[in-house]
Amino acid sequence: MGLPAGLPQPGCRAAILGVPFDCGTHPFRVGARQGPLEVRRESRLIRRYHPSLADVDVLSLLGAVDAGDVALVPGRIDDAFVRIEAAAARIVKTGAVPIGIGGDGSVSLPLMRAAARKHKGLVALHIDSHTDAYPYTPDDRYNAATQFTNAAQEGLVDASSSWHIGVRGFTYCSGVLEHTRGLGFRVITIEDLLRRGFAQTVAEFSDTVAGRPVYLCWDMDVFDPSVAPGVCTPAWGGLTAREGIELLRSLSGLNIVAMDFNTVSPPQDVNGMAAQLCSHMIMEALVLLAANLGLLPD
Amino acid sequence: MGLPAGLPQPGCRAAILGVPFDCGTHPFRVGARQGPLEVRRESRLIRRYHPSLADVDVLSLLGAVDAGDVALVPGRIDDAFVRIEAAAARIVKTGAVPIGIGGDGSVSLPLMRAAARKHKGLVALHIDSHTDAYPYTPDDRYNAATQFTNAAQEGLVDASSSWHIGVRGFTYCSGVLEHTRGLGFRVITIEDLLRRGFAQTVAEFSDTVAGRPVYLCWDMDVFDPSVAPGVCTPAWGGLTAREGIELLRSLSGLNIVAMDFNTVSPPQDVNGMAAQLCSHMIMEALVLLAANLGLLPD
Amino acid sequence: MGLPAGLPQPGCRAAILGVPFDCGTHPFRVGARQGPLEVRRESRLIRRYHPSLADVDVLSLLGAVDAGDVALVPGRIDDAFVRIEAAAARIVKTGAVPIGIGGDGSVSLPLMRAAARKHKGLVALHIDSHTDAYPYTPDDRYNAATQFTNAAQEGLVDASSSWHIGVRGFTYCSGVLEHTRGLGFRVITIEDLLRRGFAQTVAEFSDTVAGRPVYLCWDMDVFDPSVAPGVCTPAWGGLTAREGIELLRSLSGLNIVAMDFNTVSPPQDVNGMAAQLCSHMIMEALVLLAANLGLLPD
Amino acid sequence: MGLPAGLPQPGCRAAILGVPFDCGTHPFRVGARQGPLEVRRESRLIRRYHPSLADVDVLSLLGAVDAGDVALVPGRIDDAFVRIEAAAARIVKTGAVPIGIGGDGSVSLPLMRAAARKHKGLVALHIDSHTDAYPYTPDDRYNAATQFTNAAQEGLVDASSSWHIGVRGFTYCSGVLEHTRGLGFRVITIEDLLRRGFAQTVAEFSDTVAGRPVYLCWDMDVFDPSVAPGVCTPAWGGLTAREGIELLRSLSGLNIVAMDFNTVSPPQDVNGMAAQLCSHMIMEALVLLAANLGLLPD
Amino acid sequence: MGLPAGLPQPGCRAAILGVPFDCGTHPFRVGARQGPLEVRRESRLIRRYHPSLADVDVLSLLGAVDAGDVALVPGRIDDAFVRIEAAAARIVKTGAVPIGIGGDGSVSLPLMRAAARKHKGLVALHIDSHTDAYPYTPDDRYNAATQFTNAAQEGLVDASSSWHIGVRGFTYCSGVLEHTRGLGFRVITIEDLLRRGFAQTVAEFSDTVAGRPVYLCWDMDVFDPSVAPGVCTPAWGGLTAREGIELLRSLSGLNIVAMDFNTVSPPQDVNGMAAQLCSHMIMEALVLLAANLGLLPD
Amino acid sequence: MGLPAGLPQPGCRAAILGVPFDCGTHPFRVGARQGPLEVRRESRLIRRYHPSLADVDVLSLLGAVDAGDVALVPGRIDDAFVRIEAAAARIVKTGAVPIGIGGDGSVSLPLMRAAARKHKGLVALHIDSHTDAYPYTPDDRYNAATQFTNAAQEGLVDASSSWHIGVRGFTYCSGVLEHTRGLGFRVITIEDLLRRGFAQTVAEFSDTVAGRPVYLCWDMDVFDPSVAPGVCTPAWGGLTAREGIELLRSLSGLNIVAMDFNTVSPPQDVNGMAAQLCSHMIMEALVLLAANLGLLPD
């Protein structure tokens, strides 16, 4: 996007943070660690002005910066999580909204840890085809399916006000929704979402949240694999690009204090489609952020 | 999907049968013979539990097996058809539902022959962007556009109760719909289907069938080429993955005794998308089958 | 499509004209110059008969020909524009409708020049995610974002009756819609289009036009990048193939005297998808043309 | 190469003939039928002048033409062979040297039949990693491994003066060299070829031939798969491009009356490499032909 | 290759063992874990008879079997090494020669551990562009650059008789050759190898070994990246396929008791070239093994 | 390579300069403008230490920096040439050796202009399969085939001591070698080069040059297309990677004052092979430079 590199300076309201990490244990779809590289590469296509939404230079209004990638070794979970949290905390402390680019879904946990340090009463809004609130075994506590289990157990987010939206498809064990709900979360399947409509669903969430700080976690596999083929766990029947954009735009008025867009997995991508769409969604999110912060002209 | 290999044993209700055959006469889009290989490869992504549809191990409930590929030489039509029919008949005889993986559309004919041996009054439900009920010349009787002409003429299926759903696009000769209807079939174009809705359309079909045994033939080119690029004859304007899944799920209550999913053509595919979606559709079909057989818990 | 090669002869109503040109100045997505080659290549998949729209040999009814490619050097704008206009003018003079295959969007300008020579009161219908009616600087007058600015300023089309349909997404400067409207054009964003519906929108346009000659300019980037990845400037949230087909079919009754389908950029395409869809749209346009000319049997 | 299309006219010394045929029975590497299309496509890269070999317009000196593709249906062997022979015979009759572009190796048989009609005492020079002189069963007489068995048995070529050069690698049955030699052929393995050197090997062949008419059959799989990946049966350890060019150039002085370059299989190719190299080899062969015919200036 | 699946039975002399493991810590070239899958897939191209080397069914003579893949989780080094060693030990115990398919180079360590349990005085012959005998830090003892450091320190192989052949290119720290030699190993750079010739080099090694058991470790990156692009650490200037085959064939007479072919990394491969070549090299190795065991007819 | 970004500081001996320019007029192989991006991307694979050539941190010894890309618009020749020359001149002035990364071959002209400003008696060593010293017409003076014509005519280099090495293949007009020699250049075809050997050829050149400043221009198409597929004008029969490395290493002792590596054309590349090899060659060139400058320890 051509953002200036560096840590947020005073007045900066948003900072990109690449998280080139995946757990490295999938037998044949590893590679989300390359997500930040490819999302940035595709962001060359991003332009700054949106004639009907925001016909101004949103990136300048936000004073947005690109804080680079967290220095870490993919596959070394414990060490990486410490580094990710620290890097995100540096941004959070400045008051800028960190926008993480994954990396697999596991990176949301250290990012939420950093956000929760500052924002009390944090609520999660998780847009994903999976809840990632699965049970775990002691020797496999951290992976890309348990970050919301851990987030709830650590008290990082208030599970009773946090929602998982877009859940669909098959999964590797039974009882997943029960476990998720048992942690306190609300689950909106994609069928629920489409039946109620985006605006109505988000309005209900907004009422629940009541102005509290929100962590927005967007897993790119909420899109259909025909739209975003380069994800870790493709699930057919997902959102079109237009629906995803509409859903994101509907989040107006929320007090989003941190976010991440995860799960772009370039080795499985086709011509950079998932990475390209991810960079578009981040640009949409920046416009949303500017609007929510009251930075846009009337 | 990790199914056990072998022929159906007592209690087995479903058996996968690969049919690595295409006629081999297309000048530039040959290769559906590799469909079973690639659909199985992509089935590594398939998981067993569906939180809202069937939060149980459906494959175990069905005692599903993978009966391997029919041994044949692609391009040698007559010999191959004998082998395909024999292999399918072995499954049908055990009482298991054979689930053929094509191969081009021509493989449905020997598969219907095997099904018709056992199931009197068989009815076809053909989901496809083409009717495949075209006229033929004596020296080109069997190809991927005539299997339903032959099925009607051989009396394998009751054409007057059999439907072709999803028909659309251009074709290589005129009078195709007249010929199809002349054989007794009902044709629902994609415009008809979308206008009436999936549930209503299937309800009408269900009324017509009235409990008789159904052969479900699903040609992957009913999906839009953006969703399933690896097919033999792409036709723009097709179903999205979500629509296809919804259509399949709407077939509840039918007495499906045999089925096939055909026309995945890997050399024309993009990153295994058509094969991946096909394996997903087969998994959905297995859930449907389990539900229709009353195997799912309430 | 197997069209006879050559210039239109008496009785010919439509002629394909390849325009293998792009400006050659994009830093990383150049290549629309190869559009005609790839669209023709994919047109091998096109068949002639449409069972429900036109179950006749439309190409023969139109006496359609393929007039080949304009001989030019990509990147040499001034020289190429002279050659493109001359080649199109040769077709226009015969009374046949020229159907240009781009090339980037800039090629519409010389094509409109050729059409305007003969057709007084020409009106443009521009289907695109961008208006291509941007301001320019003196040393960069002609590029793929200014063809409608120039068309209006040269009086080639009556801007006050000309519409841009499908506009969406981010752009590289502010004030684009103001500039476009300042030239007299009407802009229908994709949100407007979907809200009103295709039929209603086109009916309003049709009323405005009132029988005058129409230049139809179809930029393939109006489709979503998941459907047509091989375009110059992908913009997420676009039309599906089915929507694009429906929109084109809705143009019945217009007096279309020239058209072009531009912006297929093969180096960015995936498996020829954009080129394949473009050749399909051209076939649909030929059916539309035959219908509008009253050539189809009742 | 930009050759004029059409049949050879008086004075024409060479004519390209595309043979878009393969037997269509390979389970996973079918597609040589697309060879002519892709070789022609890559021939766009071919230029006409060779500063050190022939700094003249060789194609014009030869009056070379492109006689198009044989009209046939791939996979229908008997019918196709009749058509291939007839098309080649039309060229042979004019006195021009036919240069077939395969297609799989089986196409050499009908091409040799056409050449043998006119040229008595025909000798074959077969450059290939396989002898293609395998035994056959009655119901599988014609395939891509038996064309030289049939050519010997039909007396099309004088096997006792015909050589197979470049043979290497594993094969699907034992006794292949015995069978080949039993038909009278001489076999030069790639190890023999490299030990003796190209010039010496060809000199021996030239002595054996003693001016008789030669059919040059060049199977692109004589190249290493790293050089020509798009072939039917890759065999590692083959020629580099430089060695292949050197070998071809060493054939000076032979009375080559017909030739073919076969086995480019585009679906297995990488970025058109095999097709590109094939078009280069054909250009080299045309220079060789011009030299052998005494058409080049001193 | 169509080998029977299962553990070696009495009389079996060779068993394939897939090791789908890589350390999972490379930032952008992870994926050798998929090597066994792709090497097996490409082995469909392998045929059994070599006319000049071994015109018999070598696989049957050896009673070769495919013992499947080791069950492990990539990225979990300690656990995986235990499993790999155990799986290889089961084969070694039967007297069959295990032929590991990597996986990254780290897998040679547990494979050597298994071999060393039975074979006293084991010597390593390591064909690779790197010595993989680098220093390590305590917390990073096992990776794909230290397996020979560990092998020497654990006394698995007699370093003073073990050679690294083919070393070339740049590396990530200085002093690598000193460290390797400090462990006792002999290093033959590719320049040395080419200067002396393959036969002479191997003869010297053979003299050194004097009949002791040899572990052959073949890293596919000894080939040039143009030949085997799908490796973890490409190093330009490597062997051609022909040279690699010649080098392998020159190992006649050695008492090879175990081997592995590692480092095929499918996500970086081009059209399966590295995997295809790897499967060819394994077939060559099986012929070599049969010859060394005296199983081939004279 | 992880070089520090910025202009050369005192003590810096080498500076990378990306030149993202191509003329943009090729009908189907445009894209060398993306060369710098992809060469840098692949340079992630480059490591710093060469055990036998230079087991030290060469990049640090040289104080090498990456001066970024020239800001320009591809396709706008005159403007771009001014900018390229200025950017290179800034480096030359500091005393560092500029190492241009093309871009098509035309970029060597402004780079030579910059070098010639400072270095009197400049001599060119041009490694390429084409001489790029073709005649031109007044309206097409600058393209990727005339840079050495212009360099000679402008007196930038002393043509009588400048050599073109590696010339081979077909070309688009006759008389190319005469024209090149007419300008004073010496031409060594690839056949000449291989006959004499690299060392002998370079020794002769070295004698001719006699210590004068040398501009090294390395066109990546001197490699065979199987090694470097992503070039503008592939010419079969070129150097292997090993030969290219050997040739480069043989340039020891020359007083190289500027260089460029051009013609990597990513859209035509396969898996980044040409870009990867180019980055390797640049690293080899940096080692050569360090050696020639006496920076390496004995």
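Note that the chains take the letters A, B, C, D, E and F in the order they are written out, and that residue 1 is the start of every chain.
As a working rule, a residue touches a chain if its C-beta (ideal position, glycine included) is under 8 Å from a C-beta of that chain, and two chains touch if they have at least 3 such contacts.
Just so it is clear, the structure is predicted and the values come from calculations on it, not from any experiment.
**Q** Strictly by the touch rule at the top, which chains does subunit D share as contacts with subunit F?
**A** Chains that touch both subunit D and subunit F, as defined above, are E.
**Q** Report the chain whose CA-based centre is farthest from the CA-based centre of subunit E.
**A** Of all the other chains, the one whose centre lies farthest from subunit E is C.
**Q** Can you check which chain pair, B-C or B-D, has more C-beta pairs in contact?
**A** B-C
**Q** Give a one-word verdict, same or different, on whether subunit D and subunit E use largely identical residue numbers at their interface, taking over half shared as same.
**A** different
**Q** Comparing each of D-F, C-F or B-D with A-B, which pair has over half of its contact pairs in common by residue number?
**A** D-F
**Q** With chain centres set to the mean of the C-alpha atoms, which chain is at the far end from subunit D?
**A** Looking at centroid distances, A is the chain farthest away.
**Q** In whole angstrom, how far does the Cα centroid of subunit A sit from the Cα centroid of subunit C?
**A** 38
**Q** Mind checking the centre-to-centre distance between subunit A and subunit D? Centres are C-alpha means, answer in whole Å.
**A** Inter-chain centre distance comes to 58 Å.
**Q** Using the average of all C-alpha atoms in each chain as its centre, how far is it in Å between subunit A and subunit E?
**A** 43
**Q** Which positions in subunit F are in touch with at least two other chains?
**A** 28, 226, 240, 270 - these are the residues of subunit F that touch more than one other chain.
**Q** Which two-chain combinations qualify as touching?
**A** A-B, A-C, A-E, B-C, B-D, C-F, D-E, D-F, E-F
**Q** What residues of subunit C sit close enough to touch subunit F in their complex?
**A** 20, 23-28, 30-31, 33-34, 37, 73-76, 267
**Q** Please output the residues of subunit B touching subunit A within their complex, sorted ascending.
**A** Touching subunit A from subunit B are residues 44-52, 55-57, 226-227, 240-242, 245, 270-271, 273, 276-277, 280, 283.
**Q** Hey, which residues of subunit C end up touching subunit A in the complex?
**A** 28-29, 167, 169-177, 189, 191, 224-226, 229, 233-234, 236-238, 240, 268, 270
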